[in-house]
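Take a look at the structures below.
Note that chain A is present in both complexes that follow, paired respectively with chain B and with chain C.
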Partner chain A sequence: MRSLSKSRPPMRLEFIALLGAFALFLSTVEYLIPKPVPFMRIGLANLPIMIGLGLLNPAEFIVLVCLKILGQALISGTLFSYVVLFSFGGTVSSALVMYLLYNLGSRWVSMVGISIAGAMASNIVQLVLSRYLLFGESAWLIAPPFLIMGLATSIILGIFTQQFMKRSVWYRQKASL
Partner chain B sequence: MSISRANLRLSIGLLMLPAILLQNNLVGVALQASYIIILALAYGRRFKLLPNLIILLSVSAAHLLQPNGLRLFSIGTFPITAGALALGARKALVLIGLLYLSQYMVTGRPTFPGKLGKIISLQFYYFERITTEWKNIQKKPIIGALDTLLFTLERIDTTGDRSTLSQTKPADRRDWMIGGWHVGVLWGLYFLGSFGVLPVLA
Partner chain C sequence: MKRTLVGDLAILLLSLAVIVGSFGSYGDIKGKPEVHVRVGNQAFVYDLSVDTLAVFSGPIGETSIEIVGGKVHVHDSDCRNKVCISAGWISRPGQWIVCLPNNVFIMIEGRLTTDEGGVDEIAF
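Here is the complex of A and B:
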């Protein structure tokens, strides 16, 4: 079990910004993929967040999550629309769940499990928001396909992250610091 | 008072935001959304018909599941009601309007103050470099490509001038007047809708 309070030097702004930019790059790749509704996301941009689980201390991790939300909203131009609420709710809930699982239960849960838990937390929060902001009670009708899609994409992302953490020289170097 | 063009646009957008959020008249919100779309287009943003059509149809269809107001016709035993249709269309148009307003607001990439501004600027600097470097990297195997990219980025000296990323050119009198006009149009449409000057559809 990893300790929640890692003793690290002062906040590494450049490193966090790099991971934030990486999330931005992946979200622009994702933006090019057509989606039925604007707030549906595959979650590619979660890869840097998942990488950050093993590399950042809690404060740095929070800054990275904020950068991802702000950066995505600025790039896609959704910063001042409802969509940013979906992004905020989804990202914060999934980051929180993933962070707790990684630090408290990674002995029993793999990155695939962490990814699935994060995606489910994100999707549930987004469904609740769409119930109150857009669709009303009809939001529950889109819940099954929404959750199934989230499950499928999070499994793929989890497998990829696991492979990245195992094979990446860059990641191994950073994790050993 | 000196303010950059990008930050003036952000402020103008913030003043326009409540006018569309508070609008209850369907015709009013349609006019406001159309105006905002034209505004975003004028500042170089692109308009894609299909995603907007999907928002309009999906949000309207979702509201039809909760019948409300005058029954227009039925599909089998399912009633299509005017109130539900109007409510769905209004919500969809507000969403579309906000999306394009948000796009207009971030054209020119506004700058934020303090430590947050510094880290966002750094993030966008790295982002520009990623998009440039990625083109030159062999993509397979993908993990190797990502490794190369991340190592390349770490070697970059970030102490140089990054101010070119945002439009720091100060706004002149003309910018203020144009901004004021946009705010006036949006609020004008809000009041026309609120005082019943614009037609009420449902």
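Here is the complex of A and C:
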């Protein structure tokens, strides 16, 4: 065990803590915004995850994703309810898709594309979960508005992230480390 | 810069295709209204346009439903409060009557077209 932990690159807590706190804060902001169903989210808390794509190594990224799920569940008070399953499924799938796209296809897609792909992955997984866990076939009825909403918000978030990555001096310095 | 646009567009088009495809879920409930009756774990389907009198037996007795002239109601039921009978007639897709004590669930499925006064996409 000891030799294994020595060979691992050190966790840079400053990044994880900052982005994790960012996710927690944005979850709070998002919680203020009224929405028709509790799991229809704007996805503000995915912003730090997207920023983390360019800053963190895989282990740090996983920690950040866990922090985001935990923080969001704490803020919305759903930590010990079934809703956290949706949050978990959605976040993990979107983080996975975004991570793969960023690392394998960053020459072909910008943050906008990554954001859209992440949102679609998250929404589709949540729809499938609600199909099998809650509502049955009628879950598909909510699919069109749910997906359209996700597409719209993810494009806006993606443009924001793209601009942030391009213009932030802090980001440029840290990402080049 | 231009190259990332290609990937973005591909992802956008794929997403739009998924969204357009997802509207297909509304197709399943289109068409002729049917009366779906669920009794315990059994399910029955009746045509709303054919007059019928059907009797189902649930845990506390018998519940009979009647379809007359495109409308359906609970004709008689052995339950205590007769809430299902008081619910009266239903005729539009999405409407339902339930008899909880006798475990009978009646729902009309299918959809009226918009010019017949049915719901549109955003009103469900």
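The criterion applied here is as follows: the second predicted complex is superposed on the first by the 167 of 177 C-alpha atoms of A that agree within 3 Å, B and C clash if a C-alpha of one lies under 4 Å from a C-alpha of the other, contacts with A are read in each partner's own complex, and residues count from 1 in each chain.
One rule holds in what follows: contacts are C-beta pairs under 8 Å (C-beta built on N, C-alpha and C of every residue); 3 or more make two chains touch, one makes a residue touch a chain.
None of these values were measured; they are calculated from a predicted model.
Student: After aligning the two structures on chain A, examine chain B and chain C and state clash or fit.
Tutor: They clash.
Student: Examine A:G43 and indicate which partner it touches, taking first as chain B and second as chain C; both and neither are also allowed.
Tutor: neither
Student: Please indicate which partner A:E137 is in contact with in the superposed arrangement: first for chain B, second for chain C, both, or neither.
Tutor: A:E137 sits against chain B and chain C alike.
Student: More chain A residues touched by chain B or by chain C?
Tutor: B
Student: Classify the contacts of A:G52 with the two partner chains as first (chain B alone), second (chain C alone), both, or neither.
Tutor: In the superposition, A:G52 touches no partner, neither chain B nor chain C.
Student: Quick one: classify A:L70 as touching chain B (first), chain C (second), both or neither.
Tutor: Touch partner of A:L70: chain B, not chain C.
Student: Figure out whether A:G89 sits in contact with chain B (first) or chain C (second), or with both, or with neither.
Tutor: Touch partners of A:G89: none, neither chain B nor chain C.
Student: Could you tell me if A:L151 is touching chain B, chain C, both of them or neither one (first, second, both, neither)?
Tutor: A:L151 contacts chain C only, not chain B.
Student: Quick check for you: in the superposed arrangement, does A:R107 touch first (chain B), second (chain C), both or neither?
Tutor: Once the two structures are laid over each other on A, A:R107 reaches chain C alone.
Student: Counting only touches as set out at the top, which of chain B and chain C does A:A21 meet: first, second, both, neither?
Tutor: Touch status of A:A21: first partner only.
Student: Would you find which stretch of chain C runs into chain B in the superposed arrangement, from 44-52, 98-106 or 116-124?
Tutor: So the stretch of chain C colliding with chain B after superposition is 98-106.
Student: Once the complexes are superposed, what residues of chain A are shared between the chain B interface and the chain C interface?
Tutor: Common to the two interfaces on chain A: residues 137, 141.
Student: What part of chain A is in contact with chain B in the complex they form?
Tutor: Within the complex, chain A touches chain B at residues 13-14, 16-18, 20-22, 24-25, 28, 36-38, 63, 67, 70-71, 73-74, 77-84, 134-139, 141-142, 163-164, 167-170.
Student: Over in the complex, which chain B residues touch chain A? Could you list them?
Tutor: Listed in rising order, the residues are 13-14, 17, 40, 45, 51, 54-55, 58-59, 62-63, 65-66, 91, 95, 98-106, 109, 115, 118-120, 122-127, 129-131, 134, 143, 146-147, 150-151, 153-154, 158.
Student: Which residues of chain A touch chain C in the complex?
Tutor: The touching residues are 105, 107-110, 112-113, 116-117, 120, 124, 137, 140-141, 143-145, 147-148, 151.
Student: Using the touch definition up top, name the residues of chain C that touch chain A in the complex.
Tutor: For this pair, the touching residues of chain C are 3-8, 10-12, 14-16, 18-19, 22-23, 25-26, 28, 121-122, 124.
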